[in-house]
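Here chain A shows up in two complexes: once beside chain B, once beside chain C.
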Partner chain A sequence: MYIIVVGGGNVGYGLALELQQLPDYEVTIVELSGSRASALRDELGEMVVHGDGSEIAFLEGVGARRAELLIAVTADDGANLVTAQVARHWFKIPRVITRVNDPRNEALFRKLGVDSIVSASDAVMAQIEATMPEHTLVPLMALESAGLRVVSMRVQAGSTAEGKALRDLTLPTGVLITIVITPDGALAPDGSTVLRHGDEIIAVIPREADETLRAMVTGAHPDDGRS
Partner chain B sequence: MPQSFSGVHSILVPVDGSEASYRAVAVAAETAKRAKAHLHLIHVIEVPRSIPLDAPLEGELQRGEAYLERAEQIASEHGVSVEGDLVQARQAGHAVVDEGVERGVDAIILGIDYHRPFGRFELGRLPQYVLEHSPAQVWLIRYPAPDAPRR
Partner chain C sequence: MRVVIMGCGRVGAGLATRLAAEQHHVTVLDTDAFAFRRLLPEFDGRRLVGSGTDDRMLVQAGIETADMFVAVASGDNRNILASQKAQSMYGVKVVVTRVKDPLRAELFGRLGLRTFSPTKVGIELAHDALFAPGGR
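Coming up: the complex of A and B.
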């Protein structure tokens, strides 16, 4: 698999270190700054290329037409957005992952059809929420093209869901509970699966179902917090 | 040519089909013979990133074989038997330095042309990279330009 990483900052560098260890992966890192590219090349070798990853001609030259994945992780949201658009619509790269530095730009990225967005603030928030899980719904993964998210929740005592079988719960439309993790291990639930206090639920949900599901499983009031 | 070759037990010469690179082979072969050193030849096919690194490049492979054959012939005329290697890489400089490190060579000998593309002498990308990054000795062989006035 051929992967192009645009942006040789700390994120791009870390990705390159991980990806180059995987067999059958070929990685090119594109870095705009000449001095940074040179420093990276000293360590990572010929996988590093100096140039502007948002330019069509340049991306053509580094093999964007045969890339299966492009990851835009510069510190510049504008550059990331342009790179993602060019990758997606000009080169038809099947998978494009984009970093959003400023959370205020997330909506714009979504509106413009960027299918996979990584937000540093969301990632940190998920880590924080995972450490105080009483009333939280932890986003694990965004499936932007389908408008869905994979989330994790823990069933709380006294919540609507506690002690009930899944078939007896009126789940919001589009919610798919895929895994229930109990003290005995993970199981693929069916309608007869009864949720107990402390069980962890992994679910695929539409974004608009966040608050209703969180209230049902954790007992939180819809206005209690964010997700 | 240096009279002392202490510490030189293994030499690498990149061959690109230029007369300068063949002259470097001749110098390297003569040096290897006197120093009883091993001689290695390499031709690097630079593969554009628009195609996979291991893409079959018949034309380039045939050309590379021909370059190496001539270089081997030159070495043989100096009494040194050697077989060259063909390598596909994104950048020749990286490949030459990597090959040198992998083979543990003590010296890389480069033949360079007399380039004055914009009225100023330019070393070229490969020598520049090898000079900067090779942990081994680097010898540059530059003969006068063919049209250089004799003094």
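Coming up: the complex of A and C.
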């Protein structure tokens, strides 16, 4: 699979390091600044290319037509927005992930149908929430096109969910419990799966199901758990 | 018409002066106050220091009630970001965007902005001038 990462800042660099490890991935990092590009090249080699990732002619040259994934993670929202739309509408790249730096631009990105958005501030909030012992519902990933999110929840002692089989819980519409992680490992749950205190649940949920689920795993009233 | 212009370079300033002379209500935005020196003394519109990609500035410039938005700042991507904001978030009916890169201008034209590429126009004009009759 061929992946293009636009933006060689800390985020792009970190991604490159991760993706490089995977055997079946071919990765190109595009960096606008010449000095930054050559510094990255010294470390990462040929995969780093100096150029403007929002320019159609340039992207053509680095093989955007055969890319299956483009990730736009520069510090410039204008560049990310344009790159994402170029990738999607000109090159028809099947999957495009975009970083939003200014949270106020998020609504625009969504409206323009940029399908997967990573907001730096959201990601930081999720990290903070995940480190708290009482962490209840942490968003892991947004599936923008479907209006869904993948979340992680931890079952608290004394909550509505504790000790109950999944079939006995009244889950909000559209909620899909995908994985339950118990001390014995991960399992694909069915209706008879009983939730224990400390179990982690990975679920696909519609945005509006957030508060109800949070209440279910913490035992708090829906209005208390607002973050 | 109520017009917001982003960018007070030669094009932005010239257009602002002209539209104001034509009795339109003009607000010009530029990140650099020094750019306003290009406006002619008879310009009677508003000038605001700030970025056209910043929502607060756009609102201050009256984007919510503007009939037209023109983005002629220096960066293609900033012009596109501000223009799509004006169009999609604030419902401005007529949005004109300068995009130097001809291919990018073509794509965003297809996506609903009224784009023009000075590069493309410049190439045409230069080419025509080269082969115009009457050289010596």
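One rule holds for everything that comes next: the second predicted complex is superposed on the first by the 215 of 227 C-alpha atoms of A that agree within 3 Å, B and C clash if a C-alpha of one lies under 4 Å from a C-alpha of the other, contacts with A are read in each partner's own complex, and residues count from 1 in each chain.
Here, contacts are C-beta pairs under 8 Å (C-beta built on N, C-alpha and C of every residue); 3 or more make two chains touch, one makes a residue touch a chain.
Note that the structure is predicted; figures quoted are calculated from it, not measured.
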| item | value |
| --- | --- |
| Superposition on chain A - do chain B and chain C clash or fit | fit |
| Chain B versus chain C as contact partner of A:Gly63, first or second or both or neither | first |
| Partner chain(s) touched by A:Glu55 [first = chain B, second = chain C, both, neither] | second |
| Contacts of A:Tyr2 with chain B and chain C, given as first, second, both or neither | first |
| Partner chain(s) touched by A:Glu46 [first = chain B, second = chain C, both, neither] | first |
| Which of chain B and chain C A:Leu81 touches, first, second, both or neither | second |
| First, second, both or neither for A:Leu112, with chain B first and chain C second | second |
| Chain C versus chain B, contacts on chain A by residue | C |
| Which of chain B and chain C A:Glu26 touches, first, second, both or neither | first |
| Distance in angstrom between the closest Cα atoms of chain C and chain B, superposition on A | 17 |
| Residues of chain A at both interfaces, chain B in one complex, chain C in the other | none |
| Interface residues, chain C side, partner chain A - complex | 53, 55, 75-78, 80-81, 84-85, 88-89, 101, 103-104, 107-108, 110-111 |
| Of all residues in chain B, those that touch chain A in their complex | 48-53, 89-91, 94, 98, 133 |
| Residues on chain A engaged by chain B in the complex (per definition of touch) | 2, 26, 28, 42, 45-47, 49, 60-63, 65-66 |
| Residues of chain A that touch chain C when the two form their complex | 54-57, 76-79, 81-82, 85-86, 89-90, 104-105, 107-108, 111-112 |
